[in-house]
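These are the structures in question, set out in turn.
One chain, chain A, links the two complexes that follow: it is found with chain B in the first and with chain C in the second.
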Partner chain A sequence: MNSHRFDVIVVGGGLSGLTAAGAAARDGLKVALAATGPGSFVLGSGCMEEQEFARPGDAIEMAEAIAFFREMAQAAGCPFEGGPSEARLLPTILGDFESVALAPRFLWNANPGTSGSTAIVGVKELSTFDENFMAERLNEHASRLGFNPAVRARQISLSPIFAGPITTVRIAARFDSDKGFRSELLGALRIAASGFERILVPAMLGLNSSEEELAQFEHALGCSLGELSTLPPSIAGLRLFHRFRGYLREIGVELFEGFPVVTLNIGDALCTEVVIASPGHPLILRTERVVLAAGQHTSELLGRACAGHDEQIRPLTSAGTVMAANLFDAETDSRDGPEGSGNAMQICAGYRAAIAAAATRGNYAAG
Partner chain B sequence: MRQDDFAIDNCLKCSVCNAACPVYAAQAQYPGPKHLGPELERLRCEGIPADTAWLEYCLGCHRCDLACPHQVGVSEMIARAKAKHRKPLIRGLRDWWFARPGLLGQLTTILPSLSNLALSLAPARFLMSKLMRITPERRFPVYTRPNLRTPPIAASRNERPRVLFFPGCFIRYNKPELGRKIIDLLERNGFIAEVAETECCGVPAIANGDADMARTQARRNIKKMADQLHAGMRIVTACSSCGHMLKTGFGGSLEADEELAGVAKKIGSQTFDLAELLMAQSDAGALNTDFRSSNLRLAYHAPCHQKSQGIGRPWFHLLAQIPGVTVEDLDAGCCGMSGTYGFKQEKYGVSMAIGQQLFDRIGAVQPQLIATECATCQMQIEHGTEFKAIHPAEILLQAYDGRSL
Partner chain C sequence: MESTQVVIIGGGATGAGILWDLSLRGISATLLEQGDIANGATGRCHGLLHSGGRYVVKDLDTARGCLAENRILKAIAPHCVEDIGGLFVQCPQDDPAFFEKWWRAVGNAGIPSRRLTADEARELEPNLSADILGAFTCPDAHVDVFRLVLANIQAAQARGGRFHPYSKVISIRPEDGRVRGVRYRNIRTGDEEEIACDMVINAAGGWAQSVAALAGVEVPVLCDKGTLLVLSHRASNRVINRCRAPADGDILVPAGPACILGTSSINVSGPDGLVASRAEIENLLQLGDVMIPGLATARVLRAFCGVRALYAPQESSAVAGREISRGFALIDHETKDGARGLISIVGGKLTTYRRMAEAVCDCISKKLGVESECATDKVPLRSAIDRRTHRHAARLLSQPVAAKLEIRLGREASRVIDAIEARPELAELACECELVTRAELEYVLGNSTSLPAHTIADIGRRTRLGFGPCQGTFCGYKAMLAGYETGRWRASQAATEFSDYLRERWKGQAFVQEGKQFEQLELSQGLYDEDRPVSAHPGEENE
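Here is the complex of A and B:
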């Protein structure tokens, strides 16, 4: 048993890193994930826009990556609904619509649709979300798009059951930990929902709640329930991160959280060590392969200009040689252009890198 | 290691720190690390008064730091502000004592049995609650005569690598027998341990807003470890808070003094958590694995200051090496005790509310025993559940002898 030696080390806790770690672990590899906090996807909803799938590229590869991601999301208790060809219009935080191909189930539910009555239920004490503004804007945007969802605004007050300033994080934390609070919230929402077929609430239903728990909540509510993504902190994004983190732990991925990877030790064109800047003295992890999914920090880590990638997405030096034969770059930028930062593309990049890393199994032996 | 170039601009106000903060979730009024840290820091930098009593509610768990995607040193900003915060008389007096567990230990262990009796009597606890705002809900740990010394070293073992064991206040004044077990464990794994004649590491001083005391303790500790430090000896801690403190340059308390800060950095580079050291032995194939099989069902709770050392989960992996033993990593957040925090009357409720998630998880796992290296995490677990919690070193040592716990 060697606690600091791995088959694959994934650097980065964004969607690409999480996907890469999951994919490598699925292939039976001993995986470590090193991350300083969650990736920037937690600032958003975790949805995948339709336009991401319209880009030129390897559609088959994308389909495979997304299929894997959906399996992983299902196993992590946060399944995604939809598909590249099933896009639907979902409300944005600014009260207009975007065409979303895939979304976590309760965000996917937030489609006001063309039939049935929808209420947007705000929380009186929650200053970052205004149900009237949202309803008005959605109706206006919908009419421009040629449909009339007739969204109404409703409000609940949490002050009787909640002392102190109310934020989505606080509501979500109470939702997770306090069954009494959950049923009181349910009661308040039930009253606001009366007469509607669907209610949409700001995303606040748990920082770690599973789809199953939310389905139970919806069932008890008696009408369809959808969540609207809010300004950061985005509970929808944080919840995805927490569910994936928990899932990866469960399947045996070792997590190294909180301190940055500062050096990749490369010798003889192999990266055998990943150095984490822990307090006091560095933590050195040994590995057979590395998947870099560190976003903007990847170039710092490589330490020299990356002049593109080979067909196995290994970074190349300006001389055209691979920097390390076992170093795979889960980045979207170089291949997909400057816009390559959508969630689907991140997932695809992470998956691609993990598959490339897994395919080199047994070729190298860590020092 | 947080961003050394202290720039509040690194904070993007994403609130990931708030979502990770145990107090933010448990105490509805608490403004959260984002506000108390980077937001108010802007005012403090400009010299605009921004003092608030909520600073006292920070646990110092460092979960905000670990969660921050931009490595903003949130908790250090809060700790610095805490040090300048002015408290009312009674809380101030109580926290003065709480910042000095070494002094408390020295006084109580003059006549330990009398002190223990006094601290456990209902009228005394009632008085402490009224006069000192110390919750009567909790029992103080039992104090013992501080008799942990470097054991005589057999000439045959003289060639072995020596390590300096930094015991910390709990082992020194409450559980010296745990210290002896740790020395035994180190010996069984090829080391010779010398007991450092050091004092409090300074975590309680920083937690109680007493930066001057933390600095004084750091200076004295540096002096007392100087010889061994220069000899290149590794320093071993078994208390996660002491380890955190030694590895972080005494929590940054010596920053103003360049020379001392340099020595503190050297201490950090030579400090290893006991499990970290043993795991390194294991990774080198040198761990004594002469364990007897056991069918113990363990649960492991990682203290916050274990996580803030960024060393992975060495105790979890060590315990899992005992044949037949199963270990469940509870991963249920902060226990809420945070040293002296949970003893404070006004914070007792928050402390227990934070711990609830861990208590629930333990209830669901139903382990036979809980392993956690932090003494106050142990107290909190035993206070909030029906389960027993002990230092994992004891479990490992017992496994060599095949004795049941």
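Here is the complex of A and C:
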């Protein structure tokens, strides 16, 4: 009768929440994901830096979590390239290089390479990205780093299509929704790309485009294609969010989006209800278990500061007892130190919490 | 070699005021500043245009001086002043006898004031504490300090006055017992230049002591650090003062979209390397909370410190220079030290900067044998915007954007508007808090203004870009690209400028440990430099 009853509710739609929802669903559980919105995906591109894998922690667990995440990303149509030992240098928005271990495929492609000719292609109407600045900076750094990428700057104009200054979000939304626009963009880029083996554009090729679509676009372009990080909003990050949520819905995860979780109803040391502040009246979801992946909102939701975690990463009160026997916290700080905010750490924390939640099926003995 | 009658050292309100006053009197003058405009105490204060209420109980002369200057500035520089008025609130913790003393003194000083009940006060300022006993009104106002200094310099430049920013004086040349010139180094290029002159005016504020030392004389200055906090929104519409003997954390000044709470008062050894301590910040917030509950948990955008350079002769008999008032001191080094042509001006307040400049210029006139009278109390600092420019702006820009542009640039706005007319895409906003268009960015970076910006922070002082919650994270990047695209910087220099600018912005937020501004700071550091986050070491002072 009550359709709002789940085996696991994951609270939070960041990398850790998405991973947790995917992992719990893989284990055959009935899963709900409550997310107010894309959160920090607006800000970052989902890249994982090399140094994230050099931090102390459980390497085997991390490897398992990352392997699962990559499988999920592949299935969601936004595969990641690279690996902890395959780091490569990718351009930052200041035209420096940073060492990245894992990145979505088309960002991974943005390495200017050690051979061949590369053009950075800007858009005239997009004032927050300057292809000349990027090219000048990258050439300077590359020669210092001992490789010679010979990056050139090229520009296209979208002026009859867009009047006046535009943002990457407008370009990306149009890319998703308008086939005609996509082919006009392709035409303009093809001209800019002539004579180059590789072009790099600001990340703007769709908010929801799959790897397959982008590969087709690249094929039609006739040269290698890469996307560069931009000032937020990050199109690459938003694209990850949209692909993942589409995938989770496909595998049966129920999504509750747009409104915040305001309360966790905890009684007899069990969290049985999650309350979402939907307009009109609150939406109450009943659940067997809860994975908390709410980042900095965690202590708000718990109603008090958490004084550490037990072995099943359940939050503890200051008296050392678990706050709820079925509440698992995908948080990174206490186990991984103050630097535990990287993307790889988030994925690992989400995965860990989902595994802990799945393992305690029907067994809530306090730890 | 450049030659002039007077060299002024120090581009704060006082130095800029002297440059303008001399230029009006027809005396040629050059102003040297080691940084950009308002680099010292002027740029690091509340921006409070005092009505005199703060000093009225203890120092009636200073209070009267403030009141007179308050009226003059509102008349000659309306574009720099937000005439919002102020309140002195009576808190139950404070001495009721002081309220009565204050009320009587205000009458004696002639400061217009009304006595309000607690309810009346809260009707004007609903955020005031429910505990207050009452309040008095006063004609306090907010003054945009950067705009004020700019206005003085630009008015002077129009009459032949000269200004060299980033020019640090390295020697003062004496000859036959009098100053003949100064040598300075451009700290951006490293080039050294010399200027021949008849007189040197030391208006270097916190640096007055080291400037005097270049001429082999002494100016005893006591540096008193004040820390201030910028809060993310206007917590009041008026200046809120606590009605008690002046102490820490008892003034809140609404400034544009934000407000500024201050200040502390701590003796320091010099004006450089100041750091706001966590204890100071906590204390200010707690004190602010007494007047306006909730301030203690308000979002703090940044903390900054300045020094009040107080004139502190070890024994007054040792001072031969004439002391003008308790507020400021004019030291004639000819009578005091036998150094002809050298004058130091120290102490004083932002509100009385024009009066200080007047006193210095009267003295200069006498020494140079020039018959002249001060006119800075009557001549407007800037002429009103013309109708054509106003209509043109209204046609091309939305009302708030046009209004901000006009108030910042006055008649010069026409240049920006012409640029937008020619290239409409330049109307795009680079800074969304202060509504700075791309065209205005290019204008302040270009050479058609008499005071071009050399750094991104300079752009901030001219436009307020980066003063809002993002603290330059987004608008600073756009400013960097504008500097690159207009040819002011090559790519690597642009990136260095931006990174220097960000580091300075981060320093002001280093104490933030939680809340929205902490997220903002993390975002900024994550975007631009994850590996080298600014370490916060609260309590570590350079003292």
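The rule is short, and it goes like this: the second predicted complex is superposed on the first by the 355 of 367 C-alpha atoms of A that agree within 3 Å, B and C clash if a C-alpha of one lies under 4 Å from a C-alpha of the other, contacts with A are read in each partner's own complex, and residues count from 1 in each chain.
Everything below uses one rule, namely that contacts are C-beta pairs under 8 Å (C-beta built on N, C-alpha and C of every residue); 3 or more make two chains touch, one makes a residue touch a chain.
What you see is a predicted model; the values in this text were computed from it and never measured.
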State whether A:P232 touches chain B only (first), chain C only (second), both chains, or neither. both
Which partner does A:E64 reach: the first (chain B), the second (chain C), both, or neither? neither
Please indicate which partner A:H281 is in contact with in the superposed arrangement: first for chain B, second for chain C, both, or neither. first
After superposition on the shared chain, which partner residues are touched by A:S177: those of chain B (first), chain C (second), both, or neither? first
For the three-chain arrangement built by superposition, which of chain B and chain C touches the greater number of chain A residues? B
Would you check which partner chain A:S127 touches, where first means chain B only, second means chain C only, and both and neither mean what they say? second
Taking the superposition as given, does A:L43 touch the first partner, chain B, the second, chain C, both, or neither? both
Between chain B and chain C, whom does A:G164 touch in the aligned arrangement: first, second, both, or neither? both
Considering only touches as defined above, state whether A:E213 meets chain B (first), chain C (second), both or neither. neither
Contact residues common to both interfaces of chain A (with chain B and with chain C): 43, 164-165, 232
Looking at the complex, which residues from chain A come into contact with chain C? 43-44, 49, 51, 92-96, 125, 127-128, 130, 132-133, 136-137, 140, 164-165, 231-232, 296
Within their complex, state which residues of chain B touch chain A. 1, 13-16, 18-19, 24-25, 27-31, 65-71, 244, 246-248, 268-271, 279, 282-283, 307-314, 317, 320-321, 329, 331, 356-357
Residues of chain A touching chain B in their complex? 1-5, 36-40, 42-43, 162-165, 167, 169-170, 172-174, 177, 207, 232-233, 238, 246, 249, 254, 256-260, 276-281, 283
Which residues of chain C touch chain A once you look at their complex with the stated criterion? 424-425, 428, 438, 474, 477-478, 481, 484-485, 490-492, 494-495, 498-499, 519, 523, 526-528, 530-531
